[in-house]
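I have a structure I would like to understand better, so I am pasting it below and will then ask my questions one at a time.
The letters A, B, C and D name the chains in turn, as written, and every chain counts its residues from 1.
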Amino acid sequence: MIKVGIVGGTGYTGVELLRLLARHPDVEVDAITSRSEAGMAVSELYPNLRGHYDELVFSLPDAERLGRCDAVFFATPHGVAHALAGELLERGTRVIDLSADFRLRDAEEWAHWYGQAHGAPALLGEALYGLPEVRRERIREARLIAVPGCYPTAVQLGLLPLLEAGLIDVEHVIADCKSGVTGAGRGAKVPSLLAEASESMKAYGASGHRHLPEIRQGLGDAAGGPVGLTFVPHLTPMIRGIHATLYGRLTGEPGDLQALFERRFAAEPFVDVMPAGSHPETRSVKGANVCRLAVHRPGDGDTVVVLSVIDNLVKGASGQAVHNLNLMFGLDETAGLDAPAIMP
Amino acid sequence: MIKVGIVGGTGYTGVELLRLLARHPDVEVDAITSRSEAGMAVSELYPNLRGHYDELVFSLPDAERLGRCDAVFFATPHGVAHALAGELLERGTRVIDLSADFRLRDAEEWAHWYGQAHGAPALLGEALYGLPEVRRERIREARLIAVPGCYPTAVQLGLLPLLEAGLIDVEHVIADCKSGVTGAGRGAKVPSLLAEASESMKAYGASGHRHLPEIRQGLGDAAGGPVGLTFVPHLTPMIRGIHATLYGRLTGEPGDLQALFERRFAAEPFVDVMPAGSHPETRSVKGANVCRLAVHRPGDGDTVVVLSVIDNLVKGASGQAVHNLNLMFGLDETAGLDAPAIMP
Amino acid sequence: MIKVGIVGGTGYTGVELLRLLARHPDVEVDAITSRSEAGMAVSELYPNLRGHYDELVFSLPDAERLGRCDAVFFATPHGVAHALAGELLERGTRVIDLSADFRLRDAEEWAHWYGQAHGAPALLGEALYGLPEVRRERIREARLIAVPGCYPTAVQLGLLPLLEAGLIDVEHVIADCKSGVTGAGRGAKVPSLLAEASESMKAYGASGHRHLPEIRQGLGDAAGGPVGLTFVPHLTPMIRGIHATLYGRLTGEPGDLQALFERRFAAEPFVDVMPAGSHPETRSVKGANVCRLAVHRPGDGDTVVVLSVIDNLVKGASGQAVHNLNLMFGLDETAGLDAPAIMP
Amino acid sequence: MIKVGIVGGTGYTGVELLRLLARHPDVEVDAITSRSEAGMAVSELYPNLRGHYDELVFSLPDAERLGRCDAVFFATPHGVAHALAGELLERGTRVIDLSADFRLRDAEEWAHWYGQAHGAPALLGEALYGLPEVRRERIREARLIAVPGCYPTAVQLGLLPLLEAGLIDVEHVIADCKSGVTGAGRGAKVPSLLAEASESMKAYGASGHRHLPEIRQGLGDAAGGPVGLTFVPHLTPMIRGIHATLYGRLTGEPGDLQALFERRFAAEPFVDVMPAGSHPETRSVKGANVCRLAVHRPGDGDTVVVLSVIDNLVKGASGQAVHNLNLMFGLDETAGLDAPAIMP
């Protein structure tokens, strides 16, 4: 059994890791930390876990104890992994960071968007952006993984085939994204109250959002050069789910787009290209580590529309983190990740 | 008092007309028809109206009785107003049609999108598309009004200033729209069940939707020529509300977009240009006849983003219908339409 | 015009007062206070009010300014009205308190449930519990009104006819109540997040809730002696609405319960006894100052079941407060309160 | 591998069976039938199952084909299992019926509540009511199981300890139950639309509901005599979940109720007695085959309150059906049923 630790286990990505790992045949959760809830049983905070992990108690973060794990997940706000990751790597523990700490390769850009200096620039050379559909083989060898963000995962998977094939105008890509409220985390903020966020829809960050540089970096890798992206995220009254609606302008006759997408992801266990004409629903991926895609070309014109849905807590966070773990430790890629979505 | 009739009063736009007219100082509902519920009291079907309209009972549609009204609203599926409008106009009754029957000026295009021949082509010359922000003066004189659809209202109001000023590439306009479920009407369909539509988000009609030609016609009027529009509607888990996110490519230096929008709508009682940097929420217009707009230019680049929200049942249907009535009968424009939105 | 002030206007009962008073023909809001938002325009915090109250700005609480109003509403947490009410009464300003400060006649019991000493016991003799259906005439003369709580309003109105007629066992009354989340206020608390409260249902306070003594006091008044009540509130995933399901054991043959209820409330403008066999929905009162009731006697047995629904923010708070104002100032009882509920 | 068939697989209990069985180590779904969707792939109707069951197609019901299965689940409206169960039993196939067809032991009472004659009275002697917590050993030997209804499961589990111990007045038991909308099935009915059922709460069937006789029968078995029950179900705006709030009057000093409940269910894998003072949330069981209970005695008075939550589609239907299968075929009781609930 692989022994793992979780730092910052009280948030939504933390409890989702626990839910997924409860069914993982090869992994055992050895330690879970929380500054605010140290001493509390995880099943007290998350009663859905009663009967699972009955002995597991939140402890204060402790590098020595975490260093005895084979791998440690960070399910923390930004900044925390900066402080601890280096010490864990020195102790031989691999690090899978669900936060934004190591997603941008450029420390300056990170500092610009997060409003503070990067806390571990020396590790940036080693950190690997863990999108398995792009760099599966390098993940197998990695020691420090930056798990992609939720919006970036949905957007990149939907645009990769078009950018890799050079089919669209890279200067004018639009990503109109809709997210459930767990994307904003478990913090107690007025705009996230049911009374405020339910029965309503709104955009936010239309003039600039922290996921923008991460998406641009990933799209740029696929395109082989800078990509001009307009990214508008929206808050949607649901708990889980991201729906990315992606617009590109075709620069020529693209051929069979459906076949292009199917070919690109044929070997991918967690990307599902739906039949032509489909409109994937976010509920079809609720609780499951899968991205469903559909590609449209309205009126056979020069605009291509890609619809991409994920569960932000699974393929957009904890499930993708487990996928990285499976790759890093030579396990079956789908171990712990093979349950169907729950619907209705 | 102006006497009005409502044809097809059992649907959501019908009950919303009743709710709004209950507070209208100058209007009295004289007749309401329904084929399926004839004989039932309206307050039995809609208990929110108990204590209001206690004498009002659904009757079978009857041109003679309706013809004694000063004006008749059609809150019906398409095709019904085709059959009745001509006879009512002959009797001197003005017609305000909330359905799609008279929205397109071209009978051929109507037939293409609705899959049946247009039932009253002779009236198309007289029918007026009732968007008050564009043709207020002509509405005052009109006898037959086609009330704009919900998506078309939100999209047109958001794009008018840009198109009228010639600031964007008219061949590549994108409208990514999100609607609550009442947009699909009160029909009992599986995809509209709470168990199916809640906790989920999906696009539909990505390859072509009936509101597309209506929007193109309206945008074309503003631009003075054809507009190439990609329109992708989405179903959102909320009862009311439309959020249109509109993307245009600036063809030159646009000047002060905020000032442009404020100027365009300065005299409009039902369009609210929010302060620069705003993100309007659909809940801020729930139950109210108002469209709130915000304009963004991310990174001072060449893409302009307009956010436009309405209540699909009010500014997107019944409220706009009452606004037209007020104009046609020389009443205060805001009569019956001056209540604030309900929030939370 | 009657000039009113609102203390603590940033919460949900505050904005609901503003929404209702915007349509009130005889009232003008002269001052609104908030410690946290002083200096901000109300329409900035509540964009649904844009176009209404455009000059109204939150100010710090100031007894002199408030004392120039004819009446002041307190829409505050408990304890605030204790501190200010006396001074306002001395200045000749009437006080309508939506908080719990003056609802219990017994200062000791208040201290027990609220965990602090009562801050204005000298005013208890003058404070009047403002349930118009019970003490309309005394309200007309009152200077200090304690507006009933939301649960207490729904429960008392449903049980009054049975208790006044002496038909049920007063030692074993059960009130199983379900509330939308605005009942918990606008405070940023984790359990009120959409991600926590949506798609779920739970009881709370099953062993004792602060509304229990208030309900017992009111039921005791109706019964002419102590009432043994089991009260279990539940949190329901909706924004507004209370559904009280009330169970009593009949002590004899009760006669025609439907007629009893209709008679009891025949003259009440804001209580609607629905036809026999009905099941009122909370949405049928959304935004409206009305309580709808239905009475059932399953299997003609010895248990009577009353179903009682209100909008917690209107008949359960701000609407009832305006009703009290109307009575106190000799206005039409329904002024500002005559709009139908919004449905769907 | 045990080969199973599912009759009526298009409804919510059908798709939930498929979701649970996808992870069952010892079971294979061999046939699934639907009159309306014959010929369609299950993953076309339920895209959450894409990647699972990719070969499974709905077929017309066919006794011969079903008769080759080891067991057949009926996930059908009432009446269907009556017609087919006998023939399957003759072929040696065991039957697990999720419908109401065999839940009542008295054919007359069944006919009274379902408005039609019982279609298979000869099988009533053999049919076993499959509540494992009451008759586990007999289930192991059974050939025909009536899976308990959702409300009956939540109510019985909550009251069993009290009734078996003879602690409450059996003539006056109250079950106030709240259900998510999937309890009403996947039928396209107006009251189940999101636009109708969301943001609202209502009781239904207050004067008599079909689950009443089933609950009375089960409670009577536990009490050793007739039980007088008042049962009021409510519709709650959520997809899944039942919350039963149960009220009994103690007939004497009950001793330690918490210990009584813990003892009664100590050996049960799917009943979780929560710590004293708890209030279980329905979301804590979403997707999981578990009933969580809490017992309260407000003010140490003579009323006991039990809070009982289940997922209506799992412990209230398909999960309990799989539990029965596991028992009937000598499998591990928790096989296929060991995943934690999904939260948030």
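To be clear about the criterion, a residue touches a chain if its C-beta (ideal position, glycine included) is under 8 Å from a C-beta of that chain, and two chains touch if they have at least 3 such contacts.
Owing to the predicted nature of the structure, the values given are computational and were not obtained by experimental measurement.
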{"item": "Chains touching both subunit B and subunit D, listed by label", "value": "A, C"}
{"item": "Label of the chain whose CA centroid is most distant from the centroid of subunit D", "value": "B"}
{"item": "Pair of chains joined by more contacts [C-beta pairs], A-C or A-D", "value": "A-D"}
{"item": "Distance from the mean Cα position of subunit B to that of subunit A, given in whole angstrom", "value": "39"}
{"item": "Inter-centroid spacing, subunit D versus subunit A (mean Cα positions, whole Å)", "value": "36"}
{"item": "Subunit A and subunit C, separation of their C-alpha mean positions in angstrom", "value": "45"}
{"item": "Multi-chain contact sites of subunit C, meaning residues that touch two or more partners", "value": "12, 182, 195-196, 198-199, 237-240, 280-281, 283, 286, 344"}
{"item": "Of all residues in subunit C, those that touch subunit B in their complex", "value": "12, 15, 18-19, 22-23, 46-52, 182, 198-199, 239-240, 272, 274, 280-281, 283-288, 290, 292, 338-344"}
{"item": "Touching residues (chain side subunit B, partner subunit D) in the complex", "value": "12, 180-182, 186, 188-190, 192-199, 237-239"}
{"item": "Of subunit B, residues touching subunit A in the complex", "value": "172, 174, 176, 178, 195-196, 198-204, 206-208, 228, 230-232, 234, 236-241, 243, 245, 247, 249, 277, 279-283, 286, 294, 296-299, 301, 303, 305, 307, 309, 344"}
